[in-house]
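Here come two complexes built around chain A, the first alongside chain B, the second alongside chain C.
Up next is the complex of A and B:
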C-alpha cells in the first residue's frame, strides 16, 4: 500500500471490510507496510496548534500577577495578543498590563532588578509550534 | 478582585513549607483574603528564639502594586519595631516595595530583620538607643519580652483550663479562638453569655 502522511487531507472512501484492519493497524501503532494492499486515506483530521510566549521556560509566570505568561493578566480579557508579554532592556519580562499598572503608580523601576525600566525589543517574541493530532 | 487570584496562590504557596521557612500566613476569616494573620518563628541564635510572633497583615486594594500593611501584634523588643504599637520600619514595606515581592518574601524579610536589626534607621528610638549603648541590656530585655509575650499557646491546655471552669468544650474553644487564645477574655465572654 501507499504510505501516506497522517496530515494528508485527502478525503476518501474506506471500504467497510477494511476498516477493522485499518483500525487494528492504527492501534497497534505499526508503520504501514508497503506489502499491505490496504489503502488508507484520512477523511478528516483535527489540527491542534499550540503557542507560547518566547519568554523563558514554559511554566514561568509573570512576576507581577503570578499568572502564566500565556494566561491573562488582571484587566485583560483574552490571552495572546490582547495580553502581550513585554521585555525591559534589563531582560525581565512581564505582561504589558501588569508592568504598565506598576509604571503608572509613579514607579519607574523594574520590579525584579530595580533598574530604571525601559522597554526593550519586543519583536518576534512569539513562537508557534504545530502539533499533529 | 484583580489580585485575588494571586492572593489565593500566595496563600497556598506560603503554607507549603511553613515548617521549614518558619513563616506562615492564613486568612483571619475564611473567604476574606484582605485580612491575614502572619506568624514568624523567632530565628535561632537570636534573642527571639523560641518565640512565636504574630503579625497583622492587611492587603490594600492596589496590591501587588502597593505593599501589604504589616504590624506586629505580639510585643517585641527590636530597634525597628515599635515596642508600643508594633509598627515596623522596613524599606520594602514602604518605598522599596516591588510587585515581584510576595507576602511570604515580606515575612521572610521581617525574619531577617529580626536577625539583624538596623539601629541607624529606628522605629523605636528608645530601643535603638539601648541597642547601641548597652547591648547586654538590650539582649536580656529582648529575651525577656520573647519569654513574656511571644510564647506559643498550647491550645489544648487552654481549652482544658477554660473547661475546668464549667464550660463545655465547643463553646470554650469558640470563645478562645475569637479572643486570640486570651483565656480571661474568653471566660468573660462565656460568663456574659450566661
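Up next is the complex of A and C:
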C-alpha cells in the first residue's frame, strides 16, 4: 500500500492525451522555467534474483546431508519445491527428506541438539509445513 | 674373332690393335654417329637426322663394313648392327641428347592432345573424319622402331615415360583441377588415354609392342597416379569445400584404391592443414569446420580412421592450445545459425552416448594400471586391401566414434564441454526475456543423450528455474494486480487503477548456476520499492523462501521523455526507448527527481564508486539524454535539452539504444567462475607459505597436486591458471612476489 502511494506521486502514468493536458496544467501552475525535465517510465523491469531458504547464513548446510539448503538432498531431483527445508521447534533446519529418513529410523530427536523433534516454524515465524506439501 | 686368331707376336698384336681402331673409326656406325652429331645438326632437325641414321643402318650390309670387326651382340646380324649403331650414337651423345627426345615426344603428344580435344568438341556437332596422322611423324616413329630405340629396354624408354607422364599430368590437371562437383572425372581421363594416348603409342611402338609391353595398363596406372598427384596438390580445398566436393572425394577414393597413395595424400593434407590452419590468423570456428570436414573426407577415403589420426593430430594439438575452442564447439552445437555441420551432428538420429574419453596426453599416466596387452597385433596397413575381406573390421579400436566424440576427445574430458555449455546457457537464460525455453529444453535433451543425464543435471535445473520463474512471475503479477483493483474499489477511485511498473524476475537456484556477478548497489527508491513489493509477494507465495536480488543482472526497458517548456507556454516532448542494465536505470531514474546531479551525489546515492558511476553515465551522455554541465568544479550532469537530444534524433535507429553490452549479457564470466574454483586453494597456499617461507610457482603447483586430492576438491589447474590466481592474491595484498619469482606471505 505504501508503494502505491509512492507510485502515484512520483510516476504519473496516464494515457497520452490526458497526460499532455495535465502537463499543460502543471506548467501553467508552476513558475515559468526553461529547464528541461526528464520523465522516466519503466515499461518492464526484468530482474535476476536468487532464492534462499532463509535458514541461517549463506554457507550453512543441512546437518544431515552436508549439502547447502538451496541444493538438493540425496534422492531429490530438483531443488526448491521438491526439496523443502523444514525447521524444528528447536530452531534447527534440515532438508525434509533428510530429517524424514532420520525420523524413520526409530529416532525422535533433533540430530543437532537431541531435543525431542517437533516440526516448528522458521526463525521468522512463518508457517512451513502446509506450504510445502 | 680375335680369340680364334693364331698365335701372334707383340708387334703383330700392336699392329692388329691399330687396325682395329682404324676399323672402328671407319665403321659405318661410327661415321654415321659422327655425322649425326656433326656441326650442321642445327640446320637439320632431329627427325631428319634420324632418317639419315636409319638410312645408314638399312644400307649397312656386310659388304661395306669389315664383317669380322662388327662386334656381335646377337646371333641376328641385323640386331648386332642395330646395337652397334646405338652404342656408337650413345658414345658420341652429350647429356641433353635424351632430353631432346623427351621434348620431341612431348611436342608430338601435345599435338595429339590438341587434336583429341578438338574432336571432343566437334563430336557433338558432326562425326569428323579421321584426320590423317602427320606423315613425317609416322616416318620418324618408323625409324625409331627400326633403330630399336623405343622398344622395351631401349634407350628412349625413359624420355618416353617422362614425356607421357608430363603430358598426362598436365592434361589431368587442366581437366580435374578445382572441379570438385562433377562426377566421372577419371572416366574422362581414361577416355583421353584410350582415344589419344594409345593410338599415339601404337603409331610409335607398333601394335605388337603395344600389346606385348602392356602399355595399356601402364598408361592406366600413370593416369591414376597423376589423378592422385593433382588431387594431393589441392587436397585442402577439396576438404574445405566438402560436402560440395563429395563427387570428387568419392572418385578420389576409387582412384586411390588403385594407386595406394594414401600415405602421400595424408602427408599432403597434413602439411596443408598445418600451413593453412595452425596460425593465429585462422578463426577457431573455421579451424573446427575444416577439421570436421577432414574427418568426413578421410572417413570416405579410409574407413579405418588411422589416416585420420595421423593427419589431424597437429590440428588437434593446436586446437587444444586455443582458448576459445570449447566455446566455439558448444556454440556451433547449439546455435542453428552458427552451427551448420555440428548443429546437424547433434541432431543425428543414431546418436550414441559419448563413451569414456581420455585425453591423449593423460593416457600415458593411466597406462601403469593396465596389464600389458600380449595379444597386440600391428594394425593392418592404411591402404585398404582390395575386396571386402577386411571391410567388416572397418572401424578399428582407437579411432571410431562420431564427429562429436572426436571433438570432445581433443580435450579428453566432457566435463569441460558441459561446463562451457552451462556458462553459455546461463548467459542465454539471463538474456531470455520471454521465459521461453523450448529451444533450450530441446538442445538439453539432445545433449543429455550424448553427455549423459548426470552431467547435464545443473543445466536441467537452470532451465527448470526459468520455467518456474515464468509461472511464479505471472502468479505474482496477477496477485499484485488484483490487489490494486481491490484497493481501487475500496478507495472508490473513479478511474482505473494506476498502472504499476511491471517487474518480473529470473529466479535462480544459485547453487546450480555458474558464479553470478553480485556487486550490490543502492537502487533508486522507486525501483527498490518495486523490487521489494515483488520480493514480498514471492515470500508470501513461497514461504519461507526469500528473494535476494542480483542487482547487476537483468534488463530494464525504459521510455524516457524529455520535457522542455517552450516560450509560448507549450511543452516540447521528446521520447526515447531504451533497454538497459538495472544500474543504468537507477542512475537515470534519479534525474526524474532532480534535473541536475553532481557525480559525487550520484555516487553517494547509489553506493558505488565515482569512477564506476562516471563510466556508466557515459552511456546516457552518449545517448544524449544527459549532458555534462561545463564550467563547474565538479563533474555535473543535467537533463539534456530537446534540441541537444535531436541533434542525432533525426536518425531514430541510432537513438534507439540497444542493450549496453559492456555490463549486460555477460552476467557469467569464465574468469569469475575460475576464480571461485581456485579460492578453495587459498588456505592451502597460505598454510604452505607459512611453513616454508617462500616458494616459486612451480613448487606450489606441485605441492597442490600432491596434497589436494580429497574427494571434494581435486587440484586440476594448470600452472598458468595458478599463476593468475597467485597474481590475484598479490593484488589483494595477501601474498607478494619477489623479483626472483618467489611467492611469500605479506607480513602484517
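We take it that the second predicted complex is superposed on the first by the 74 of 133 C-alpha atoms of A that agree within 3 Å, B and C clash if a C-alpha of one lies under 4 Å from a C-alpha of the other, contacts with A are read in each partner's own complex, and residues count from 1 in each chain.
To be clear about the criterion, a residue touches a chain if its C-beta (ideal position, glycine included) is under 8 Å from a C-beta of that chain, and two chains touch if they have at least 3 such contacts.
Everything quoted here is computed from the prediction, not taken from an experiment.
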Which superposed partner A:78 touches (first chain B, second chain C, both, neither): second
Touched partner set for A:40, first chain B, second chain C, both or neither: second
Which superposed partner A:102 touches (first chain B, second chain C, both, neither): first
Partner chain(s) touched by A:115 [first = chain B, second = chain C, both, neither]: neither
Residues of chain A touched, compared between chain B and chain C (which is higher): C
First (chain B), second (chain C), both or neither touched by A:51: second
Residues of chain A that lie at the interface with chain B and also at the interface with chain C: none
Chain A-facing residues of chain C, complex: 430, 433, 461, 464, 468, 484, 487, 498-513, 516, 525-527, 529-535, 538, 542-551, 553-565, 567, 569-571, 573, 577, 582, 585, 588-589, 591-593, 595, 625, 639-642, 667
Complex interface listing, chain A residues touching chain C: 1-4, 6-8, 10-11, 13-14, 20, 23-24, 27-28, 32-55, 68, 70-71, 78-81, 85, 87, 122, 124, 126-128, 131
Residue numbers on chain B that touch chain A, as the complex places them: 1-3, 5-6, 9-10, 62, 64-66, 98-100, 102
Touching residues (chain side chain A, partner chain B) in the complex: 63-67, 74-75, 98, 101-102, 105, 109, 111-112, 114
